[in-house]
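Each chain carries a letter (A, B, C and D) given by its place in the written order, and its residues are counted from 1.
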Amino acid sequence: MIKIGVVGASGYGGGELLRWLLQHPSVKVIKASSRTYAGKPVHTSFPNLAGLTDIRFSDDADPEDFKGCDIVFLARDNGVAMNLVPCFIELGCNVIDLSADFRFRDPAVYEQWYAKHSSPELNESAVYGLPELHREEIKHAAIVGNPGCYTTTSILALAPLFAIRDARPNSSGAMKPDLIVDPASIIIDGKSGVSGAGRSKFGLDYHFAEANESVSAYKIAGTHRHTPEIEQEISLLAHRDIRISFTPHLIPMTRGILTTCYANLAKDMDADTLRARYREFYRNEPFVYVSDGLPATKHTIGSNMCHIGLAMDKRTGRVTVVSATDNLGKGMVGQAIQNMNLMTGMEETTGLKLAGSWP
Amino acid sequence: MIKIGVVGASGYGGGELLRWLLQHPSVKVIKASSRTYAGKPVHTSFPNLAGLTDIRFSDDADPEDFKGCDIVFLARDNGVAMNLVPCFIELGCNVIDLSADFRFRDPAVYEQWYAKHSSPELNESAVYGLPELHREEIKHAAIVGNPGCYTTTSILALAPLFAIRDARPNSSGAMKPDLIVDPASIIIDGKSGVSGAGRSKFGLDYHFAEANESVSAYKIAGTHRHTPEIEQEISLLAHRDIRISFTPHLIPMTRGILTTCYANLAKDMDADTLRARYREFYRNEPFVYVSDGLPATKHTIGSNMCHIGLAMDKRTGRVTVVSATDNLGKGMVGQAIQNMNLMTGMEETTGLKLAGSWP
Amino acid sequence: MIKIGVVGASGYGGGELLRWLLQHPSVKVIKASSRTYAGKPVHTSFPNLAGLTDIRFSDDADPEDFKGCDIVFLARDNGVAMNLVPCFIELGCNVIDLSADFRFRDPAVYEQWYAKHSSPELNESAVYGLPELHREEIKHAAIVGNPGCYTTTSILALAPLFAIRDARPNSSGAMKPDLIVDPASIIIDGKSGVSGAGRSKFGLDYHFAEANESVSAYKIAGTHRHTPEIEQEISLLAHRDIRISFTPHLIPMTRGILTTCYANLAKDMDADTLRARYREFYRNEPFVYVSDGLPATKHTIGSNMCHIGLAMDKRTGRVTVVSATDNLGKGMVGQAIQNMNLMTGMEETTGLKLAGSWP
Amino acid sequence: MIKIGVVGASGYGGGELLRWLLQHPSVKVIKASSRTYAGKPVHTSFPNLAGLTDIRFSDDADPEDFKGCDIVFLARDNGVAMNLVPCFIELGCNVIDLSADFRFRDPAVYEQWYAKHSSPELNESAVYGLPELHREEIKHAAIVGNPGCYTTTSILALAPLFAIRDARPNSSGAMKPDLIVDPASIIIDGKSGVSGAGRSKFGLDYHFAEANESVSAYKIAGTHRHTPEIEQEISLLAHRDIRISFTPHLIPMTRGILTTCYANLAKDMDADTLRARYREFYRNEPFVYVSDGLPATKHTIGSNMCHIGLAMDKRTGRVTVVSATDNLGKGMVGQAIQNMNLMTGMEETTGLKLAGSWP
């Protein structure tokens, strides 16, 4: 059994980690820390786990307590992990960080959008935890920066517009750039459920009475911090610098992310041809489903799936790609466990073949 | 008192009309027809009106029954009004049609998106009922084609990108083209509450258990019928043919429309300057509010207001304009009453200074 | 025009007061205080009022500022009004208090459930602001204690089980006790929307992500503070001490209260007879609607109506009465304005014949 | 591997069965019939299963097709199973019926509340599928009538008020009557999410726009068909005929059932003593959790758990017991699989230790 520690286990990310890990056949959570609930059984924070586990929260004062963990998941605010990870690495724990601290190749980008990075050398060895693009590196990584929720959903929707991959049996699966859209035309209109705002430090905007029955945009016009993450990965794929417009919206639902992506086609192509290209790109991916129709977030809630649909507008020469994930599933915790499976040499889908519920 | 008839009064449009008209000081509803509820008190269809009115639904078999009405509102499906309106005009009733039948200047466009028009000559005299753009014509119209909900919200968000107006006191308020964006770059990402789907003929997509906790796109890539309406009005403003991309989304809320509009700026301009341009454009408009911040649909529910906010993305040279209305308020019934006020020579805001509720 | 002041105008009660008073033809709000938003336009707190009023919040430091107000509404927490009301009375303002401070005839009951009362002598002259039971006293009151939301909805559902009234034309409308149920058998199961929790000091229970998609009971088994209010009024009607069981529930909706009331019938009576008794009791009440069917909260949202329905269970000899209000309408602000109309000698329904919206 | 058939697999019960069975380690679904979706892959009806299974719906015309199934789940309307079950039994399949057809010991009760029973002899051998009360009989049953959702949640809340059980290690777990409440005083106020209404034949009441933001009672005063089921089981426990009052309510959420149960205590007892009695009663039950606090439906969504909390009102001598389940989990499909595990000799909790998600 792989031994697991979770730092910051009483937030939404932490709670989902505990839940998914409980259902994983080959792991044991030996430590789950929480400053708020230290010493208490996990069901005091997550009543959904009552009667299903005996785990108690520990205090997270001392990283030494995680000694012996094979994998430590960090589910704390941005800016915390970069100070803790050195200790965990020293202790011999591999790390999957759910914050932004280890997502950026270029520390200058992190500094511009977040703050000065305190562990730039470790950052250099960290791998961006999107298996569909970086599977082999993840397998050998000691530190994985787990992607943001909007980011995963956006990149998976856009990648096949910028690259093709060799998906033949026995092939390496290598990708190479192949742009079929105007790279300056990318617009991502994101819609997220309220759990994306996190559990702590929430304000009036997330009061049920104010968030309910309303939709709104926030941090528009390139000010949301998931923008540079998307740009980093798309640029890597395309082998050129790409800037995108990303606009997040708050939707009156608990979970789910939908991204509606717009791009001007550089080549004439019909929807079926494009869909075939997407299917080829994701042919061996267990958690990406390219639909004939259009995805709804409900199709993915509770699972590690990303659903993708698309359509072509001949009138304007524009393609619209729509993708959906559970922001706490493939958008966060499911993906983190997928990374864990890869890092520990387990079958990638272990414990992850969960279907979401309907309705 | 102005005498009012409502055809198709038991749908969501009809019910809101009855409710708003009850609170209007200068009108009396003398006829409200419904095939489904014929002969029954209105509260059998709209329990919110119980104890507040004695109106009963009449059958709508015979247009002659509406004789004596100054204004007849038609709240039926597309394709019905074009057959009924000739009778109402013959009877001397002016008409405000909430369907698409009288919204298109060019009957060929109607035919392409809907069906063959059976009253092309009457269509020629109809006015598009968006007071912010066509106030003077509405005042003298016998037939007003009341705009669609997505349409109103989109056009009000976009108009000041394509034209300026003389808003000085005593000026004519005339508009003239003045493009500040690339006309080929317009993308409208629309989000609508479920009431937009109407009350009858609803299917599994609108079952609470399936619509709740989900967001989805539908009729994407230029296939939604509000597309040509938006294009007609923007093209008129810009004095050139403009094509836009419009993508509607279904949001798990009862009411409200948010449109997030993207355009590439053709001139360098900061957000404050653009906001000032919007405020100038709408200076005398009682129902358009240009906000310093970003609108949420909740800001407008229950009122006839359209709220508009905007931001500039220097990185991509793109402007994002966000607008919100109540799809059954300014997006439909409030606007219809605004048109009625104009057509009957009443003060435009009569009965419409309602604030929506909070929360 | 009646001059109005509102203390604590930036909470949900305050915001609804401002909104309803804006639509009232015979009043002018000359002062609306808020500690949080002092000096700012009201739309900074209530975006729904943007473009519809120029009122700004004042600081509420000094009660003297309310000099000249005919009526002051107090919309602050329990325990505040009892210290402020003496000043307002001194200034010649009549007071409608939305907190619990002036709702109890017996200060010992207030002390038991809340705290020591600092103005017991003024409390003695205060009138409980439920017009259906205390209309004449309200007309002559200087201080009205406006009922709680659960309370109004419960009392209106139960009153006709305990008393009858002389509702003939020209009669006094006097009530006299007439019990038709076992007074020890009363159980009230209340369901409230989340806005009932108020806008400030809200916690994780009201985070959208946690309140959504869940129903729960709270303060059960006679521990909710609306219990003694209901008992006071029912006991007054019945001319005997009555204890009830009241259990509140939190429902994932913004507004609305439903109470399901159970009682064992002491007399054999069928549902039609009982319904007739209810209709007789409320014959002259403009804001109580006794339905043939069963009410839903949606029937009353946005209005000052209380809807009541009932059924009889022959198998158990029990009657079930269901009542619905908008917790911020008849359950709070609508009722406060109804009281204001009575206190100022206006027609009782002035500004209150608003229908809620549908859907 | 146990071979499974599902009849009526495209409704909410059927879809949840497919989902839970996919995650069960020891079963294989070999047949899933649907008249509506015959021949199509299951993801056409349940997009949440896309990419996770290759099962296709078969037509359900011929019961012979289910030959070879060890267990057939019937998820059709009331009145269908009683005609199909004889064939399945003939084919050697054991049956778990999710309808009401095999829930009643006394066919006269079924006839009174539903219709004439066409298989009274098979009905006689059927076992009521509530493992907490009938575990041993279920193990040997060929036909199990799976309880209703309100029913399970209500009975588990009430049982320890009527009986005690020998829960010592090595004891038989036998129950014996032990009433601590007035049996005539039982009132159950039930609250259900909208999925309880089913997927087909839904009407305007379940239109998102009408069900949302509203709570209502329906089928009140002893007219809901789950009433006799609750009475049957409580009466069995108590060894006397008991009549209860049951009132269902529709809550604007997709899933979940909360029952708030009221009873007059016949003995003086404090809350802690009563809670200890509940814990003793359910000591060995893996899916019943007696909480120190109060349950919310969200605590149980997605799992097979029933959470129970309680409080005592000294003022009225009444106990309030609150219980929560997922209406499609322990209230239906989870319980059906628990029954399957028992009938097939598997460990009772196999495939059922799923935690619901949070938030």
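The rule we apply is simple: a contact is a pair of C-beta atoms (placed from the backbone, for glycine too) under 8 Å apart; a residue touches a chain by one contact, two chains touch by 3 or more.
Keep in mind that what you see is a predicted model, and the values were worked out from it rather than measured.
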Fill in the blank from the handout: Note: chains that touch chain A and chain D both are B, C
Fill in the blank from the handout: By Cα centroid distance, the chain farthest from chain D is B
Handout entry: Interchain centroid distance [CA atoms averaged], chain B/chain D, Å
Key = 47
Fill in the blank from the handout: Whole-Å distance, C-alpha centre of chain B to that of chain C, is 36
Problem - chain C and chain D, separation of their C-alpha mean positions in angstrom - result: 39
Handout entry: Shared-contact residues (touching 2 or more other chains) in chain A
Key = 12, 193, 195, 199, 207, 209, 212-213, 252-255, 295-296, 298, 301, 359
Fill in the blank from the handout: Residue set of chain C touching chain A in the complex reads 12, 193-195, 197, 199, 202, 204, 206-209, 211-213, 252-255
Handout entry: Residue ranges of chain B in contact with chain C within the complex
Key = 12, 15-16, 19, 22-23, 46-53, 195, 199, 212-213, 254-255, 286-287, 289, 291, 295-296, 298-303, 305, 307, 328, 353-359
Exercise for the section: Over in the complex, which chain D residues touch chain C? Could you list them? Expected result: 184, 187, 189, 191, 193, 207, 209-210, 212-218, 220-223, 243-245, 247, 249, 251-256, 258, 260, 262, 271, 294-298, 301, 309, 311-316, 318-320, 322, 324, 359
